[in-house]
Amino acid sequence: MTSPAPFIFEFLIPLGKIIAVILYPMVMVIIMIWLERRVVALIQGRLGPNRVGFQGLLQPIADAVKVFFKEDIIQRNADKLLFNIAPVLVMFSSLLAFCFVPLGEPIRIGSYELTLWIAQSSVGLLFVLGMSAISVFGVIFGGWASNSKYPLMGALRSVIQVLIYEIPIGLTVLTVVVLARSIDLVEIVRAQQAGKVWYGFLMPVSAVVFWISGIAETNRAPFDLPEAESELVAGYHTEYSGLKFAFFYISEYAHMVLVSSLVVLLFFGGWLPPFANVAALSFLHKVPGFVWYLIKIMFFLFLYVWIRGTLPRYRFDELIKLAWKWLIPLSLVNFLVVVLLKLLL
Amino acid sequence: MSFKDLELNMGPQHPSTHGVLRLKVTIDNEVIVRIEPVVGYLHRGMEKLWESLTYPQILPLTDRLDYIAAVSNNLAYVLAVEKLAGIEVPKRAQYIRVILSELMRISSHLAWVGFQANDIGAITVLLYGFEYREDFLDIFETYAGGRLTINGLRIGGVPFDLDGGLIGRIRKTLARLPKRLHEVEMLLNENRIWKHRTQGVGCLSAEEAIEHGLTGPCLRACGVPWDIRKDIPYSSYEDFEFDVPLSDQGDVYGRYLVRMQEIRQSVRIIEQALDRLPAGDHIAKVPKILRIPAGEVFHSIEAPKGELGFYIRSNGTDKPERVKMKSPSFINLQSLPSMCRGGIFSDVVSILGSLDIVLGEIDK
Amino acid sequence: MPDGLNEFPDLNAVHDALAARFGSAILESTFVQKELSVRIKTESILPVVTFLQSEQGFNALSDMIGLDHPGTPAEGRTRFSVLYQLYKYPAHLRLRLVVDVPESGEVDSVVSVHKSADWAEREIFDMFGIRFAGHPDLRRIYLEPEFEGHPLRKDFPLQGKP
Amino acid sequence: MSKPPAEHHPFLLTRLDRFITWAQKNSLWPLGSGLACCAIEMIATAAARFDIARFGMELFRASPRQADLFIVAGTVTTKMAPSIRLLYEQMPDPKWVLAMGNCAVCGGPFPTYSVVQGVDKIIPVDVYVAGCPPTPEGLLHGLITLQEKIAKSHPTKVMFKPNARRTE
């Protein structure tokens, strides 16, 4: 081949995608941080950041720049290697998971088909779940390496919490897999398109259990025990300062974006427009799928903030009880019912 | 590092110790084995300082004891001094004192519910509580010029009279209050997480509570109707009709319910006082240099936190020989270890919050 | 019997019972400002408090107060006094007990009777240096352990020792 | 190294300075540390009516490692002084201290044996806010004054000369 086109397609586009896969979560995180501070402020009858940039939109950027120029403290008794690895691990795993998160159907540019994901794999969903579970290692390393009591307790709480809530997540994901006959995220969305009903409406129990467990996985209120400020100071990242702390901070938000994306992909039709069956509303199809996707993600991110602004924090034993007594039995029964119905119908 | 008998040091700088309290907590995994409060990080030597000041000079310093309800401290102090010096306070002044101290009680309880909710993780309630409290601080600002430590009373009466404008403002603020309390209660009362965190946590039976010397809402949450305003009325409290809210749970939830009801009773008292505000002077004639003949007196009142008393011993000069403050938080905090027995680490935060301690009056 | 006490039969009954049981231990009783104050011998504080708690129903110790009166030893009293402010619930009676303590003397701790005496006694120890025999954990409560002197003693300067 | 300040600072570095100080002054995360009465007014400043969130300062950090601004809100006693000093030293550079209230400024109404007569006896203070306690407006004024002070600082100098801030 002599034309330069293949070179562009084979090298530059993947490069662009790699940059995009880092930028996209980052942009979402920045929006999310801003959204959280503004929305929580509005819930509480305040204004929230509104001095930096238009309506305070530059606030997260100011925070990031400031944090970048902060002193980095590694305390004397810390395990330096693990202490340094932990934030990188957390950040890396949450960004890597985005490789397999599709943003929409492929776009045709001339003869070239541009896919809106970095990698499509038949086990994409497993990979994403696995990556998000790896970040708990970062939390353990961080909490243990700090050689301090509060971070250690925070890390332990985090491990137990994540481990327990993996179970209902796995069981509810299985119901989706059973219906879609695939663990490829793109195929799952296509199956919802073909079935004309989003799985969230077909299996509301799965969607709710997945969402609750997702909040617990991301250590957010009301399950924010690992960093419960009134008990554990700042939890596992108490001893972190500067950029490393920012890594934890950003990855927490990236994780939220990831969980919201998963909920949307698995249960709410990803980039599919709503009311696909209603002919009168067919103009909704004119809006690009990506926009629908973002709107849905934003809704779930807003839910995160809403919940945080409303609910108190669970106690540790209640948190475990909630999982063992409610979520796990519920998701088990739900799984059985879905499988039985699938077999019978 | 072993997780059996892990010693945790909460404070003196910790987000939920309400100031500079230090708790030495020994935990076995998440269960509390031992807990020991360490106080004194805010010990300012008030009692020593008071011995070198004249009686009126002491008054503004009492504001800094329980700084969330400053007028209550003033009231206990001036009542003790007046009792010792035999000063007769005009009826109007007594009513204004009641109004001010009940307003303080409301603002203190509003701040409390905010802190308590924040400790349990409901940050929004903290901001609601503080927003509603601002209205009351506005009243104090209009009345005395300060927001928090307003030095709102004087020996012999009150420094300023209540005028019509301020009375209207108080009424307006009180009229707004029920809706706002309802808003807070909607967020908390039937909230499952809130109930899990507060019900059955930090229980104390009535006998235990009396044995520990507990006073105030914490005692009334155990079902003991001990309210000095009713039992040994002072400053014309006998003129007003009000109930003493009780709860028989003795847990954190009970303390929350009692305090929310107390706000409503305070509203009742203030409305009655405003309706029947007698005419007359607002301050008695008190000599510029107050010399009190030798003697001793103990007088206590029902402060938002409990029984707040002053023991004053005079020696015939214009300065007291000894002023001792009986602080409710000091006694209430002592019961923390018994309340936390067998609890979970997270409970410490919620129990400590429910005691409504103020380090200023514990450490003096 | 102090003047005016017979107008308050409840309190009078308590005083009579106390006088009947511990007649020799009572040094002085005063009734001023409707407050009954009974000065008793130092060594009999624990039995008196126990008696009042178990048989007279004074179930709460509101406060303990330390006093330093360096001028008075000449009048036959010692340098320090410790005051016990007792409260009877639900009868709403108050009673003040006073014991005198010499400069290096000790008082019996009443923690075994009233739990709220624990910190109160530590506070008096911290501020005055009065020791309480039998207190489970007599340490400074407000000041750091290294602090020298006892601030509420009259000979302690306000701004601390230089 | 006797460089005159500001004027002879290289152009690029002053641009960078402006950028960094812009970020720093707009994202002052205070340490959530309250000592006495002033702490209540500090919380009131964070609450709805005054809302320091507008300036990006509402993230009260519980851990000193993540804080930029130490608001010493209240009386510092001799027993508390070592902890205050420790907290200050646990904060990463660049850090600022605001002494809130008369007690933190100079000991306030307590000239007694147990009160440190001003927090500047133990840690360096950038801005003093008087009052007993200062009103939230007063604290906000102090914070804005601090923002102005930060805007005039030269963080790049500190970067190239790590001990500059300490010896200044």
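Note that the chains are named A, B, C and D in the order they appear, and that numbering of residues resets to 1 at the start of each chain.
As a working rule, a residue touches a chain if its C-beta (ideal position, glycine included) is under 8 Å from a C-beta of that chain, and two chains touch if they have at least 3 such contacts.
Bear in mind the structure is a predicted one, so any value in this text is a computation, not a measurement.
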| item | value |
| --- | --- |
| Of all other chains, the one whose Cα centre sits farthest from chain C | A |
| Distance from chain D to chain B - Cα centre to Cα centre, in angstrom | 31 |
| Centroid distance [mean C-alpha coordinates] between chain D and chain A, Å | 36 |
| Whole-Å gap between the CA centroids of chain B and chain C | 26 |
| Mean-CA-position distance for chain C and chain A (Å) | 64 |
| Multi-partner residues of chain D (at least 2 other chains) | 47-48, 62, 79, 111-114 |
| Touching two or more other chains - residues of chain B | 14-15, 40, 43, 45, 48-49, 127-128, 131 |
| Overlap residues in chain C, where contacts from two or more other chains coincide | 142-144, 151, 156, 158 |
| Touch-based graph of the chains, sorted into line, ring, star, complete or other | other |
| Pairs of chains, among all present, that meet the touch criterion | A-B, A-D, B-C, B-D, C-D |
| In the complex, chain D residues that touch chain B | 32-37, 39-41, 43-44, 47-49, 62, 64, 74-75, 77, 79-80, 83, 87, 109-115, 132-133, 135 |
| Interface residues, chain B side, partner chain D - complex | 12-15, 19-20, 40-46, 48-49, 60-61, 64, 67-68, 111, 126-128, 130-131, 133-134, 137, 147-149, 359-360 |
| Chain A-touching residues of chain D, taken from the complex the two chains share | 19-20, 22-24, 26-27, 47-48, 51, 53-56, 58, 61-63, 65-66, 68, 90, 92-94, 155, 159 |
| Parts of chain B lying in touch with chain A, wherever the complex brings them together | 1, 6, 8-9, 14-16, 30, 117-124, 127-128, 131, 187-188, 191, 193-194, 196-197, 344-349 |
| Partner chain C, residues of chain D touching it in the complex | 78-79, 111-114 |
